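To keep things simple, chains are lettered A, B, C, D and E as they appear, and every chain counts its residues starting from 1.
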Amino acid sequence: MSLTFDILLLLYLVAAALVVAQAKDLLAASIVFSSYGLALCLLWQYRGAPDVAMAEAAVGAGITTVLFLVAIGRTTRREK
Amino acid sequence: MYAWPHWLALVVMTPLAGAALTPIAALLDRRSPPWWALATMTFTSLAATMLVLRVFAEGPFSYLPGGWAAPYGVELRFDEFSAVVGVICLIGWMAILFSSRYTRSLPEFASDRSPYYYALLLLNLGGMIGFAVTGDLFNLFVFLEILSLSGYALVAVGGERIAEMAAFKYLLMGAVSSVLVLFAIGFLYGMTGTLNIADVTARLGALEGPTAPAAVALALLAVGFVTKAAIFPLHVWLPDAHAAAPSPVSAVLSGLVVKLGVIGMIRTYRIYYGAGLFDLTVLNHVLMWLGAISIVMGAFFAIFQEDVKLMLAYSTISNIGYIIMGLGLATTYGVIGASVHIFNHALIKATLFLAVGAIIYRTGYRTLSDLRGVGRAMPLTSVALSIGAISIVGIPPTAGFLCKWYITLGAFEANQPLFGFVLVFGALLIFVYYIRMVNAFYFREPIHAEVTEAREVPVSMLLPTLVLASLCLIMGVLGRIPLTFIEPGVVRLLAPLGG
Amino acid sequence: MIVMLWHNIDYVASVVLFSIGLYVVIAKENLIKKFLGLNIMETAVFAFIIALGMVEDGRPPIMTGDAQGPFASPLPQTLVLTGIVVAVSTTALALTLIIRIFRRFGTIEANELREME
Amino acid sequence: MRRPIAIALVLLSAIPLVVAVAGLPAHGDPSAPVHTHVSAHYIERGAEEAGATNLVTGVLLNYRGLDAAGEVTVIFTALIAVLAILLGTGTTPESTASSRGASDRRGADRESTVAPVSPIVSFVVRLLAPFIALYAAYVILHGHVTPGGGFQGGAILAGLFIALAMVLGTRAMQPVARTALAPWLQGAAVLSFVVVGTVGAFLTGFFLGFPAEPPLHLVRELLIIALEVGIAIGGAAVLATIFLHMEAS
Amino acid sequence: MEVVDIRPMLAPGVSFACAAMVFLFGRNTNWRRFWMLSAATIKMIVVLSMLPGSLRGVVYTFDLVDFTGGIGLGFRADALGMFFALVSSSLWVATTVYAIGYMRDDEKRVRFFGFFALCVSTTVGIAFAENLLTFFLFYEMLTICTYPLVIHYETPEALSAGRTYLTYTLIGGAFVLVGTVMVHDATGTLSLGHPGILDASISPGRLGVIFALLIAGFATKTALMPLHGWLPRAMVAPTPVSALLHAVAVVKAGAFGIVRTVYNVFGIELLDDLGFALPLAALAAVTIIVASVIAIFQEDLKRRLAYSTISQISYIVLAASMLTPFAATAAIVHFANQALAKITMFFVAGAIQRTTGKTNVHELAGIGHQMPWTMGAFTIAALSFIGIPLFAGFITKWYISLGALESGQWWFLLVMITSSLLNAAYFLPIVHLAFFKPARGDAVPVKEARPTLLIPTLVCAAWVLLLGTMSEVPGMPFSLAEAAVRFVFRM
């Protein structure tokens, strides 16, 4: 079970990264990036690193995403 | 006096603490930040002096924050190369003093930005000092980030039209190179289980199993630090960033920050030479060639620049090329020359940027044709500029000469006469563009009234320029002191090669 | 063999994520996108470092009285904690610069900016 | 044109990286150097030497205290950098608040970031705010025993602040950012390291040292908590201020 | 016998201090003149005071700084250096007086005299350089200090000439530097205090590269063909500068470098074994002939003198590369002979230009009647160049010819004779024109040049005669040259 879970999480990470890379809508990309951060957080919790997972959830997935959203709000949402 | 152990902790923490207190000082008195920053750097300079004296008297020494023995805690290690903190303090001090007047002329530089500007400068200097004295790989990365982040912001702080873009370009390349360095640190940690540089070296040397990770880590470190040092072809961020920054910042960035990439390379070499895992001839050759290309290319581009600051920025690429080439030669003479050039080029480039900054401050112009005849209007500043120009070309008896002499000797010692030629003739190319500058400043008629009417800058700007200029001369005449100072460090670095 | 590969999958995944991030940084013109890519690169390296410190059936390195090993290595975790802070700092600065660039030039596409320069 | 070059470059870097990771000690192998050298010492002795059951906190604040000092300096640098770039451009929170008066409808609209907040969300956020704050305090103060620590707690606090700012409108939060206390709060993390480090130097003879003798264990605990609180306040203040300034720009 | 003495450093130091005073307090004309003249005099006294010792075989040395491991700044007044220093410091006095008269109404006098003094300082530094590094240092400083003098008038033409000058001399300097590095790499020393520091243990290929680099580097300043392009163009400079460039400083510094390379870096025996000297001699011979031929066709007086310089200075190279004692004597003595005669000619050209505004040769018809003293000096110098006995130039040619016979290479004699004829062909028409043709066109009555211009000219001309007639008298420079030759040939 653990290996399957591993693989699924990692596959999700790669897929999310690809979506972030290809999405033309920056807002969508940012949200997907946030979910990517949460998946990482899950992975790390599972790897025996709860401290890091907590930091990633609060900072990586939370505040970083908010900052991206603010920046997108102040500039433009579409990637040309 | 210098044997007091805590100087090493103080030299790192003082600028950082000073930076944290600068906005608070500004709350109490709006005009205090420059003087507060100056006081901080004065104390830091005292500590740095003690450290340099100690390393001169005793050789390398360590400080253990928290009292934890080396591989378990972070080790601060002060060796001969760390003596660069002396130069960092000196130039930092001068740049802050210079800024106290200079920043008044910047567009968008409202007074409420001022405390943060000085805090950034202090953080930048503190980051560099920490980078230079730490003996721990991850700590190296942390200080690298402090100095890089503050560096990016300092580029943008002047409010030039392209400043923010230049800063972003710098930030992007700098951040990627930081990630590479962190990746490499991860590899090294994974192979050895430790982060202490000396310990990594020893355990890497005793490594069993595949060496591929170590090789890749070396490549990552080299690419990362070479980007920070702005060597061709990873130099693209430098010209705009250094030209768009306020002049005292350019002095710090061009004189010091890029050098920390070189210090990083020296640390990398220390690990890999010491571990003796593989022959570094390939890397050395790559660095020699890249250095040579940087020398020629930087000088060549500089010739065609009209903007004085852009010209100086390209000349930095050229000079870093000398240093990297000297490192790649891997002979005693070559590495000594390269190491001393770290110090001397810092002095020279700071002189040049401060002098140019003074001229821009007074006239508002920055291209060669606009600045015609400024030499007569601002004689002292122009003399400083000329001294800097002569030094950077490497004409004896100025500071630039001995380093180039040593690196050339190193080229012949390493049986690479081609690079000796590249070096000497690269210096000629450099001379060509400084001749253009001197020609325009002294031997042409002014075309702007501002230039003719320009007065000498106030003492707070003139003093740093002149002090640094005279140091360019003094370091040339007393060139033996830095050379003999750095020699034990270089010999230790290269000892694993000679067997 | 396959089991071994599955055991090492974390490293490989890190490299894949790193490469995706690098690709975004190099190939995309949008500055915000570039920075999303950089964040992916950074997290990939964090994942790599965390994976280094992991042990088979490891527990978090918290030494409450009854805890029994094996424990995951605490050192990589502290490194990554610091790394996350560094990443968010860099991001904050970069986004500020991007906002300023947009204010000045009206675009954040690198190719258009190059033309304007 | 850029794409093929990028792909080539990425492949060029990815292949050696894959080869390199293949050469590393097997993933999760307890006999790898990572686990047998420095970490083994931490796991064996760390809890008593560093005075923190949570070894991550122990290593971060005690063994590698200078790293943590550097870390808080990095984020402080980010704040200073953002302020240095944004101040004086006419887009500071202060000037936004004053120049874009109530008459300026656009300015009022732009106060919340993305979209108007629904009343339900608003209610939930307000309802949860004290609990989140309580949780943050727990994470901070208990960081050396359970997962968490000053920075995580600080980030949670900052997140709370940001959520409130979105719900209540940034202008409501401006007074917080404008107090004379702000620079003290923003520099709290760095300054707490300086102070605790200096105290440590007097107590143990080493900068950032923590007294390890049993009679002084309480002092050690207090110092660590002081650091954690400092980091939390500093981290939260920095992140919140950055958000406010970017929001206002 | 070597004596540690500060005077070898004092000599360049005096003019350096003078330059500093001029730059700082040069606005006041009287003070400036005072500084210039007193420094020139003091320096000549300093150099002269070492002359008796030098004639006795004493070598004064002074090490200023040792950078590290034998790389340092050191001064050493041996016979050869003394000879060069004596020539340049005594001519500095003459040139200073002349320049004060010539530049009387110039706006940028302060800059002019400041760099003028620096030039002389560096020239004496070159003469007294103890090692190749010190030599190189002063050599490069000379390049830079002459640049503002060359472009003094700041016309586009002057600026372009300045660029050419810098391009040539800096590239030459780079060659010298690489050569110097290779010498250090090969031997570990750079001292010029031995009759040859390189030895046969180094591979001939490497020696060849070193020789080529050093000679090529020095030859650019010597204006040896084909590296002479800058010299005629640099004629846009004020006349005292041309005099300085041609007679005292720049060209001579290059020639001195070649002499040092041949005698002190390689040494007679080694060069003889290697056979590198012959190509150099051939090059010099070609330069002598070709430059003379070109000179014949020059209408502008100063340009004619420039090509004459290219030709004359190659005598030194030719003589030095013959590697015999007689020829060596000629090479050294020619430093003085050429300098005095050539400076006389430039003084004359300048005096004519300042007094009448004429620069072309054909305009000089009848001027001998108006300015008899000036043109008389010119005639003396011309006769000296042609090699008429009793004039200084004769001594050179005589000893070169002796050297040619000594080395058994008769074709050098042929070169000498041809050169004399060519010299006659381009100098005598001027004398003829001046004294035996009536003035053409509107003959504005012109008086003799003003005293500050005339007196230095006459003094130099007198020295040409003196050197030609009384060179064997003890205490004259000739005996110094012989001392130098004895050292070089270990006699």
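The definition used in the following text is that a residue touches a chain if its C-beta (ideal position, glycine included) is under 8 Å from a C-beta of that chain, and two chains touch if they have at least 3 such contacts.
Everything numeric in this text was worked out from a predicted model, so none of it was measured.
Asker: Considering only chains that satisfy the touch condition with chain A, which of them also satisfy it with chain B?
Answerer: For chain A paired with chain B, the chains in contact with each are C, D, in label order.
Asker: With respect to inter-chain C-beta contacts, which pair, C-D or B-E, contains the greater number?
Answerer: C-D
Asker: Would you mind checking which chain's C-alpha centre is most distant from the centre of chain D?
Answerer: Taking each chain's C-alpha mean as its centre, the farthest from chain D is E.
Asker: If you take the mean of the Cα atoms for each chain, which one ends up farthest from chain B?
Answerer: So the farthest one, by centre of C-alpha atoms, is E.
Asker: From the mean C-alpha coordinate of chain B to that of chain D, what's the distance rounded to whole Å?
Answerer: Distance between chain centres, rounded to whole Å: 30 Å.
Asker: What is the distance in Å between the mean C-alpha positions of chain C and chain E?
Answerer: Whole-Å distance between the two chain centres: 70.
Asker: What is the distance in Å between the mean C-alpha positions of chain A and chain C?
Answerer: The separation of the two C-alpha centroids amounts to 10 Å.
Asker: When the C-alpha atoms of chain D and chain E are each averaged to a single point, how far apart are the two points in Å?
Answerer: 74
Asker: If a residue has to touch 2 or more other chains to count, which residues of chain D qualify?
Answerer: 17, 21-22, 24, 34-35, 38-39, 42, 54, 56, 64, 67, 70-71, 74, 77-78, 81-82, 85, 89, 147, 149, 151, 239, 242, 246, 249
Asker: Return the residues of chain B touching two or more other chains; collapse runs of consecutive numbers into ranges.
Answerer: Chain B, residues with two or more chain partners: 138, 142, 145, 149, 152-153, 156, 164, 189-190, 195.
Asker: Hunt down the residues of chain E that sit against at least two other chains at once, touch-wise.
Answerer: Chain E, residues with two or more chain partners: not present.
Asker: Would you mind giving me the full set of chain pairs in touch?
Answerer: Pairs satisfying the touch definition: A-C, A-D, B-C, B-D, B-E, C-D.
Asker: Can you check the complex and tell me which residues of chain B touch chain E?
Answerer: 390, 395-397, 401-402, 405, 408-409, 412-413, 417, 420-421, 424-425, 427-428, 431, 435, 439, 442-444, 477-480, 483-484
Asker: In their complex, what parts of chain C are in touch with chain D?
Answerer: Per the touch definition, chain C meets chain D at residues 4, 7-12, 14-16, 18-19, 22-23, 26-27, 29, 48, 51-56, 58, 60-64, 69-71, 73-79, 81-82, 85-86, 88-90, 92-93, 95-97, 99-100, 103.
Asker: Report the residues of chain A in contact with chain D in the complex, numbered from low to high.
Answerer: 49-55, 58-59, 62-63, 66-67, 69-71, 73-74
Asker: For the complex, give me every residue of chain B touching chain D.
Answerer: 6, 9, 12-13, 16-17, 19-21, 23-24, 26-27, 63-68, 71-74, 76, 108-110, 112-113, 116-117, 119-120, 123, 126-127, 130, 134, 136, 138-139, 142-143, 145-146, 149-150, 152-154, 156-157, 159, 164, 187, 189-195, 203, 209-213, 215-217, 219
Asker: If we count contacts the way the header does, which residues on chain D are in touch with chain C in the complex?
Answerer: Listed in rising order, the residues of chain D that touch chain C are 2-3, 5-7, 9-11, 13-14, 17-18, 21-22, 24, 26-30, 34-35, 38-39, 42-43, 46-47, 53-56, 58-60, 64, 67-68, 70-72, 74-75, 77-79, 81-82, 85-86, 89, 91, 145-147, 149, 151, 235, 239, 242, 245-246, 249.
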